[in-house]
Structure formats: C-alpha cells, structure tokens
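The following blocks contain the structures, represented as structure tokens.
Okay, so subunit A shows up in both of these, paired with subunit B first and subunit C after.
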Partner chain A sequence: MSEVSLEQESVTSIDFIRVKKKQRILNFIKGIMFLMPSILLFSVFLFYPMIRTIYLSFFLTDNGGVPTVFVGFDNFSSIFASPIFQKSIVSTFLFVLYTVPGAIIISLFLAVIANEKLKGIGIYRTIFSSTMGISVAAASVFWMFLFHPTMGWLNQLIGTIGLEPIGWLTDPNWALFSVSLSTIWMNIGFTFLILLGGLQSIDSYLYESADIDGAGYFYKLRRITLPMLSPTLFFVITVTFINAFQTFGQVDMLTRGGPQNETNLIVYSIYQEAFMNYQFGTASAQAIILFLIILVLTFIQFKLGERKVHYQ
Partner chain B sequence: MKQVELINLSKSYEKQTEVLNEINLSIDEGEFFVLVGPSGSGKSTLLRMIAGLEDITSGVLKINEKVVNHLPPKDRDLSMVFQNYALYPHLSVEQNILFGLHAKKVAKKEQQKRLHETADMMGLGSLLKRKPKQLSGGQRQRVALARSVVSECPLCLMDEPLSNLDAKLRAHMRMEIRRLQKRLGLTMVYVTHDQVEAMTMGDRIMVLNEGKIQQVGDPITLYNEPANLFVASFIGSPKMNMGQAKIEDHHLVIENELKIPLDLTELLKITKNKGLTVGMRAEHIFRGEAEETTHLLEVVNVEQLGNETLLTFEIGKELWTAKWLGQWQVSVGNKVPVNISMKNMSFFDSETGELIKAASTPTNQEVVAI
Partner chain C sequence: MRLSLSKKIIFYILLTISAVLIFAPAIIAFLMSFMSSQDILTGKIIPTSLTLDNYIQVFDRSPLLHYLINSFIVSFLIMFGQLILASLAAYAFVFLNFKGRDALFFVFIATMMVPFEASIIPNFQTIRDLGWIDSYQGLSIPFFAMAFGTFLLRQNFKQIPKELKEASEIAGIGDLKFYFTVVLPVAKTSLITLGVYGFLSAWNMYLWPLLATTNDEVRTVQIGLRQLQTQEQLNEWGIIMAGAIIVVLPTLVLLFLGQKKLQQGLAEGALK
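What follows is the complex of A and B.
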C-alpha cells in the first residue's frame, strides 16, 4: 500500500521537474526572441564597429582602411607624442569646462523662471526650448553670420560701444570661446526642457507647506527645489558632459579645427586623421582614448553623484 | 472669542462655476471644528482659503478679529497638515520638523528646545535621524503633526490627515489628535469626508454639499435632528432608512407597502399629507415582542457584527436596515416580527428636502449627562 503511493509520488515529482525545465527553456527562447532585434542592430552598428576599432588601433592601414602592418601600441605612443593630439585633448577639456556649466546654469535659471504660473508663460517656454528643434548645421550657419568679422552683429554691437572688432572665429584667443558660446546656445533647448519637466514634477504640496511655514523664495529654492531637482540635474549634467566630449558638427562648420588647432576637438581630430590623412590606425587609437576618457569620467561622476543626488 | 470668522465667503473659478456659495461661519477659540462633506463639496477649498493657498473671490475672512483676505499664508499665524503629509523626502525627520522654525529664523536654542518637547510628545525621539521614506504611514502622520505642533500657532488646519492610514491606525490617530488638541488648547479646523471621523472628533460639525452649508451643529444634534435629507443620509452608519410616504385612510403608507396606524399626537406637527419622505434610524426598528409587533418583514440580508446584528428588509424599492443589539440567528428569507412606530420617524418634505419634524425618539431621553 505504502509502496504504491510512494511510486505514484515520485512519478508526479519527476513530471513536475520536467515540465518546469521545459517552461524555463521556452521562457528563455521567448526572451531571446524579444531581444533579437536589438541584439542584431547593436551587433551590426555597435559591437562590431567597436571591436573593429580596437583591432584597427593596433595596425597601420592603407588608404582604404585595410590593416597592413601590426604595430602593437605604436599608434598610441605616437599620438601621445604628437603635440597636435595633446593640444586637442587640452582644447577638448577646456571646451567641456566652458560648455557644461554654462549650459546648465543658464538653462536652470530659465527653467526656474519659466516654471512660474503666469499668463503667456507658454510662449516663453516655447522660445526657451526652441533651439532643440534647430539642427547643428542650421545653428552654425546662423552663428557664422553673427561672428562675421565685418558684417556680423556681434562686431557691430561692439563697434557701437567703441571697442575694437574681434576676430571671433579667426583669433586663436577667441575661437574656442566662440565655438563654446554657440554650443551653449544649441544645448540650452534640451537642458531647459528636461529641467523644466523636473521642476514640474515636484509636488506642489511641498511649496504650499513651506508657504505656511513662512519660507521665502530663495529659501524654498535652496531647501526644496534644488534637492528635489537633483536627479534631473544629474541626468542633464551627464548627458551634456558626454555630448560635449563628442562635439563635431559646429567645429566642422565654424572653424574646421582652426585657427592654429585651437578648436581641434578630439572627435574632429579623429575625423581628420581618418578621412583626411587616411590614418585609420591612429584615428582608431584616438577614438579608444576618447572612449576611455568618457568612461572614466562618467564613472567618477556616478560615484560622486550617488552621495549628493536624492532619489525619491 | 472668535478665532476664525467667515462672512459671505464665496469662491468661483473663471467667474462661472461656483465652488463655495456665501459661507457664513464662526469658529471659537479652542474648538475642534469639523468640515465634512462628500468629495467635490468644496470643503478642502474652504480650508485652503482659510490657509491662504486659494484666493477668496468675495466675502471677508477674519482670523483673531482681523481681516486677513489680503495676507499671505505665513502672516496668518496658522499651521496645516496635508492629506499626503507633504514631508520633504530629502530631509530627515528632525530637519522636517525644524523646517519652518529655520525659515522663520527662530534662535537655535529655542529650536532645539521645541524640537525635543514635540518629539517627546509625539513619540518621535528615536526617529529623528530617519528619512520619511524609512517611516511607516503612522509615523509619517506623526511627523506631519509634530511639524504643525512645533510652530506653536494657535490655529491648526487639517486636510483629511487620516485618509491614507488603515482602519485600525485611523481609529487610534483619531484619539491621539483629539487628545493633542485638547492638551494644547488648539483651535482646529479639520476636513474629512468620513462621517465617523466627524462624529467622533468634532465639538461642532459643518456639513457641506455642493458649496452650500447644509447644517452646523454638535454631533448629536446632527444625528437626531438632521436639517434636511442630505444631512440625514450623510450622517450615521448604517445610513438612515428613507422612504416616500403619504397619508391614506388613517394610515401612513410608506413606499405603497408599509402601512402604519396614525399616531395623532405625532400627526399634529405634520401639515402635509402628500410628498412626504420619512426617515428612520436603523436602531429604531425594534424587534417586535409578542403584542408590540406591528409588522412581519422578510429578511433579505444579515450582517453579523459580533455585538450587533444588521438585518436588511425590502420596503418597496428601498432597502431598510435594522440594527439589533446582540447576536441574532436569523437566516435570509425568514420573516421576523418588528416594531415600527411613527414616533421614531423623522419627516422631510420630498421636494425641498427640509426637515418637517424630527423623531421624538427615546434617543433624546437616553442622552445621559454625567
């Protein structure tokens, strides 16, 4: 009697395991099927190019980009010895230093004032975020006119105050500043929009409670708005930071890396190395350096951010 | 002394939709005043107008005998507890409690003194370093209360503070808030949609519906003498049994079904014989003892509450509930003897909804003063 029941039990338990195993395999296949489009796309456009870049950075290539001679780390040592690349790294860091805080502070200010409930505020919100809809090329052409040495409004404006005209894009002392200025202008739309969204998601009860407690405008800004906005701020800083390192369009349009390589940012330098000088090996090495710089800095940012950022 | 006075206070949006209509009210110092009404009745709007968070469309608002229509919230000398507590999630309990004192630049020593007094009173001493996220619902509620207490404002406004708590905790917090208010002598204006909270906590209750005052009075008056059908159905649980009634050949006929012999002493006060609505509290449908039985009614539902039994009957289209003390083993479908008499009924005008005559019930006599 007991044997019979035991047998039956073991039979059913084996069945359970088998069915569960089958289900698990089926689930795994289903999951892979859902991931397949992304895996395929990423493989073709991301993973393969990345591996290829690492591979190429150890070779000398011919004009067509076909690897010819294996040189190990020679590409890396040669670019670090090159004063042009060193200059380009310095320029890039300066550029990031100008544009990231500039764009964030200006758009934070705009977002805070555009968050007030006033009549017609929608018009201002549209204006402040409108640069998001303008392509880098169009914006660059527009700024080119502004920067024009004789006809440009900026120089005309300076002329009316009685100052010497400035070679915005031709003077080595001014070129990087000018490119940064136009970049800040282009970035404001995006950062403004994200920050405004962040501001609007802050619970209005918090402000009402603070009103009753007798908190002033700046006290509320410092004790409520900024801490509650910190996750959004962190996101915006990270994104503009990475974008700044990858700037290409406006450099190509406004200065082509000149004058005296002052605005030769890394991505532009990679482009020149690869498609002007046909040095795909050294270009790949530069690309990897850029990748590592962004990776390390973003990692540090996250480590620092974790402590300061308040997530709800 | 009148702490808060509302004179012809109105609120409308876009000059069209009237949210509140000519509210006249005064709240005395040290009073626990409850604003109760269904959602959308304008009770929260009224509270926010007192707080200064909403504009006053017309009328006068006085706090401490001074007109405050034009003053911002911080100059009205009041504190407020919000429904979702409005705790600052990035600040610790201590910082949350001290937020207002810090903003008003109260001296550090005074801040610490008040913080510890309040924390001890509210039982928050061991939680001061925690963030709101790490607290339970009841603890968050206490922090919100502490924030209001620490400000030492004489007037405290509360906007449905207990609605996010579970039933057990709510009953406990009801008592705690009530005790706190009495101990500190606060004037409290308390908004709720829950009539149980209103009945159990308020010194006086104002029932609000669609922006109009329905009745103001102490809880027992509202229960025994509801001014109209709305108050009658809103106050009390289970809700008052209602039915259309008319007088036909020496009988009161309810819902064309229930016939009750006329009681002449009661009848004198009723001037109409058509368009009447009768209301009867569940505890007034007694079990019919041998000769007192007036009707035999079929039970359609039974709810055992342990100490009481709720029986539901079908009277025409209406469902009437009787509340009997004790445990009664009755099954659905049984016919039970009941005693329904006119003296326990309230009469309302069906068209206007106004009370014609309140029940001249034993409840009035049962009120015991100690």
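What follows is the complex of A and C.
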C-alpha cells in the first residue's frame, strides 16, 4: 500500500515540474509577443542604424551611401582637422551655452509668478505654455519677420531709440545669437509647463509653517521653492541640454547654417555632409560624436537623477 | 498663501508684461495674416483694414490643404501606433512574469540614449531600400516604438491592484481580454495624455519629413511651410503668415484643451 502511494506522489511531482516548465515557456512566449512590436521596431530603426553608423564611419562611400573603401579612423581625423567641423562644434557649444540657461531662467521666473493663486491665472499659464504648440517651422517664420532688416519689429524698435539697424541673421556676429533667441522662445512653453508642475507638487504645508515663522517672499523662494524644485529643475536642464544638441529646424529655416558657417550646428552639419555633399562616411563620424555627447549627458542624468538632488 | 493687495498688483503687472512679450511673435503673425501687403510694406502696426485675402491666396497658390491632410494622416498613424505599442509593452512589464523581462526593460532604457538625429543616415537608407520614400508608412512607422510612452504607461498600470489580475486569472480571463477590458479603460487618462503628446510631436516633426519626402504627394505641412517661405517673394509676408497660422492652429487648440493633463502626465513620466 505505502509503495503505491509513494509511486503516485513521484508521478504527480514529475507532472507538476513538467507543467511548471511548460507554464514558464508559455509565459515567456506571451511576454515576447506583447513586446515583439516594440523590440522589432527598435531593432530596425534604432539599434541597427546605430551599429550601421559606427560601421559607416570607418568607410568611404559612394553617392548612394554604399561603403567602398575601409579607411579606419581617417574619417574622424579628417573631421577634427576640418575647420568647418571645428567651427560647428564651437557654435554648437556656444548655442547650448546661450539657450539652456536662457530658457531655464526665463521659464523658472514665469513658473514662479504663474504659481500664485490669483484670479485669471489660467489664462496666463496657457499663454506661457503656448509656444510648446508652435512648430519649429512656424516659429521660425514668425521670427524671420521679426529679424527682417527693414520691416522687422526688432530693427524698428532699436531704430526708435536711435540705434543702427542690425543684420540679425546676416551679420556673422549676430546670427548665432538670433537663432538662440528664437530657440529660447520656442523652448519656453515646454520648460515652463514642467517647472509649473514641479512647483505645484510642493507641499503647501511647508509654506504655511514658514508663514507662521514670518518668513519673507524671497526667503521662502530661496529656502523652500528652489530646493524642493531641484529634481524637476535637474530633469528640465538635461532635457533642454539634449534638445539643444539636436537642434535642426530653426537653422534650416532661418540661416541654412550661414553666414560663414556661424550657425552650422552639429545636426545641420551632419545633414549637409550626408545629404548635400554625399559624404556619408564623414557624416557618420560626426553622428558618432553627437551620439557620444548625448550618451554622456543621459548617463549624467541617470547617475545624478538616482540621487534625487533634494534639499541641499 | 494670502497676498496683500499691493503684492497682487505687482504680480499682475509682471504676469501681463511677460504674457505680452511671450505672445508678441504669435500675435504679430496673426495680425499680419489679415493685413494687406500694402499695410505690411509700409510698416503699419495696426492694420487699416482686415482681409481674408491671404488665407484664400495661400490655399490657392500651394497645395496646403493636401499637406494638411497628409499631416493629419501621419500624425494619427504615429499617435495610434505609439499608443498600441507602448501599452502592449507596458502591460508585459507590469503584468507578465517571464525570464529576461528585466533585461528587456534595460534595453528599453538604453533606447533613450540613442538620439534619432545620430542615426538618420542608415534610417534614410533603410526607408529608401524598402521603397518607402514618399509614403505614409515611411513617415510614421519609424516612430511607433517609444520608450518614454512605455515608461509613462507602466507607471500608470502599476496602480492597478495585482489582486485584480489574480482574480481574473482564476476566473479564466486571458491576458488579451484583461488588457482590453480592464487595463486600457482604467488607464484612459494616461492614454489620452500620451496620445496628445504623440500627436503634438508628430505634427511638428521637421527633419524626418524633410528627408523622407521628395514630392508633394505625402509631404507634411511643416515642409510645406518651408517651401512657402523659400518660394514666396519677400513682400508677401501676409500669405506666409497665413500659412503659418493654419499650421499651428490644430496643435494650439489641442494644447489648450489638454494642457493640464499634459503637464501632470509629462511631470509624472519624467520624474518617477
């Protein structure tokens, strides 16, 4: 009797293991099925192109982009020796230096004043976030008129206070500044919206207890608002940074990289090299440089973001 | 916080000045789109007369209507593609247990480090080799998979109690049914947020449509605007502005309607 029951037990446990194994395989297949569309598209349009770009950066190509001669790191040494690419790197960093602090400071100011509980504040919030809904192409058209040498409002404005008109987009000393100015305007909507969200999530209890202690407006701003906002601020800064390195549309619309390559930012430089000069090898090398810059920035965001830069 | 009257006045002054400055470029363009070219050329700020001429002209002279339809099709395709793929992926990450799930999640995170701009060259070649240049699929499919959307929905799906899933398993409800009848309806708000965001960014896309279209057939409205700007004579600003206003109208309306949701959604997806 006891032998029989023992046998039965071992049979069921084998069954159980088999069922469990089958279940596990089934679960795996199910999981992959749900993820398959995303994985497939990521592979075709993200991972493969990345590897392919690295590959292309070691070759000379024909006009259609088919690799012909392996040249090792020659493409990289040639872009770094090229005064045009050097200028492009300098312009890109200058552009980042103008636009990131510009957009963050203005948006922060707007978010702070729009966070007050006042009547009609919703209208102001809508206006401040509106530039997020305006495309690069349309925004560039708006600004192109403002920058117009004779009819443009900017020159008319400085004309009324007796200054010489400026060639906003044609003067090499001004072009990068002008493109940056229009970019800051385009970015304000998004950064404002995120920062306002950050401000609204700060516990009002903190302000109430500060009020009881008789703290002034700017004291509260410095000691409560800014420290509590630091994670949001940090996120917005990285996103703006990365976006700035990816700028293309406004350059294409406003200046086409000119005058004298002053506004030839890195993505525009890649575009020109690949799709106008058909130098896919050196263009890929430039793309790798862009990729590395973004990689470092995202990495910093993940590393620092983990620590949640709260309090001080 | 109670504000004293003087503080209130200061805030209103600051708010109003800022609003005027921020809105000025758009308002100027809006006014110009109704002005005759004579008014614009003589540098009038307040128009002497309002006319719809520019709007009629812009539709007359360029295939703007066709571009608008193209943009709507492409943006809707991208929006739905992103919603479907992101919600499926988020479902797998939250409700399914299988080997290699964490590794795959890491792969999704890794995709955020690859900027699209750095991989346009092979992507262009892929589309060209597939014969997808000047096609809706070439303009939309590369953007269907989206890590940010997956994270946003994953965050939202996590709030659905695990017990619900267990109970449904006991009741013999399969994953697909659970996904359609429970998860998607519960996450409706997040799906709308993500949809609005997806539509906005698809509508405003510039670099890819520039590369992936060579004729008017499927060209989107942003590239149409670029054409308008380069083709038009410099003294026809009214027409260009009318075109620009038409281009921004759909996204502005969408933004005004969904601003609150978008703000919460973006902040959540960003910070968690």
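Just so it is clear, the second predicted complex is superposed on the first by the 271 of 312 C-alpha atoms of A that agree within 3 Å, B and C clash if a C-alpha of one lies under 4 Å from a C-alpha of the other, contacts with A are read in each partner's own complex, and residues count from 1 in each chain.
Methods note: a contact is a pair of C-beta atoms (placed from the backbone, for glycine too) under 8 Å apart; a residue touches a chain by one contact, two chains touch by 3 or more.
Computed from a prediction, not measured in an experiment: that's the story for all the values here.
Chemist: Sharing subunit A, do subunit B and subunit C clash or fit in the superposition?
Modeler: Subunit B/subunit C on subunit A - fit side by side.
Chemist: For subunit A, which side has the bigger count of touched residues, subunit B or subunit C?
Modeler: The partner making contact with more of subunit A's residues is C.
Chemist: On the A-aligned overlay, A:277 touches which partner chain: subunit B = first, subunit C = second, or both, or neither?
Modeler: neither
Chemist: Between subunit B (first) and subunit C (second), which, if any, makes contact with A:34: first, second, both or neither?
Modeler: In the superposition, A:34 touches subunit C alone.
Chemist: Can you report the vertex angle at subunit A, computed from the C-alpha centres of the three chains with subunit B and subunit C as the arms, to the nearest 10 degrees?
Modeler: 80
Chemist: Mind working out whether A:219 is in touch with subunit B, subunit C, both or neither, as first, second, both or neither?
Modeler: After superposing on A, A:219 lies in contact with subunit B but is clear of subunit C.
Chemist: Check whether A:209 is in contact with subunit B, with subunit C, with both or with neither, and answer first, second, both or neither.
Modeler: Only subunit B is touched by A:209; subunit C is not.
Chemist: Between subunit B (first) and subunit C (second), which does A:227 come into contact with in this model arrangement: first, second, both, or neither?
Modeler: Once the two structures are laid over each other on A, A:227 reaches subunit B alone.
Chemist: Applying the document's definition of touch, where does A:173 land relative to subunit B and subunit C: first, second, both, or neither?
Modeler: After superposing on A, A:173 lies clear of both subunit B and subunit C.
Chemist: Per the contact definition in the header, classify A:23: touching subunit B only (first), subunit C only (second), both, or neither.
Modeler: A:23 contacts neither subunit B nor subunit C.
Chemist: Output check: A:46 vs subunit B and subunit C. Expected answer is one of first, second, both, neither. What do you get?
Modeler: After superposition on chain A, A:46 lies in contact with subunit C alone.
Chemist: Can you work out, in whole Å, how close the C-alpha atoms of subunit B and subunit C get once everything is superposed?
Modeler: The answer for the closest subunit B-subunit C C-alpha pair is 7 Å.
Chemist: Output the subunit A positions appearing in both contact lists, the one against subunit B and the one against subunit C.
Modeler: Residues common to the subunit A contacts of subunit C and of subunit B are 211, listed in rising order.
Chemist: Would you pull the subunit C residues touching subunit A in the complex into a rising list?
Modeler: 1, 3, 7-8, 11-12, 14-15, 18-19, 22-23, 25-26, 28-29, 32, 40-41, 43, 84-86, 88-89, 91-92, 96-101, 104, 107-108, 111-126, 141-142, 144-146, 150, 175, 200, 203-204, 206-207, 210-211, 222-223, 225-226, 229, 237, 240-241, 243-245, 247-248, 251-252, 254-256, 259, 262-264, 266-267, 270-271
Chemist: In the complex formed with subunit A, which residues of subunit B make contact?
Modeler: By the definition above, subunit B touches subunit A via 51-53, 72-74, 78-80, 82, 84, 86, 88-91, 99-100, 103-104, 133, 147, 151.
Chemist: What residues of subunit A sit close enough to touch subunit C in their complex?
Modeler: Listed in rising order, the residues of subunit A that touch subunit C are 24, 27-28, 30-32, 34-35, 37-42, 44-50, 52-53, 56, 65, 109-110, 113-114, 116-118, 121, 123-146, 151, 153, 156, 185, 188, 193-194, 196-198, 201, 204, 207, 211, 217, 231-232, 235, 239, 242, 245-246, 248-249, 252-253, 267, 270-271, 274-275, 280, 283-284, 287-288, 290-291, 294-295, 298-299.
Chemist: Which positions of subunit A touch subunit B when the two form their complex?
Modeler: Those in contact with subunit B are residues 203, 205-206, 208-216, 219, 223-224, 227-228, 230, 310, 312.
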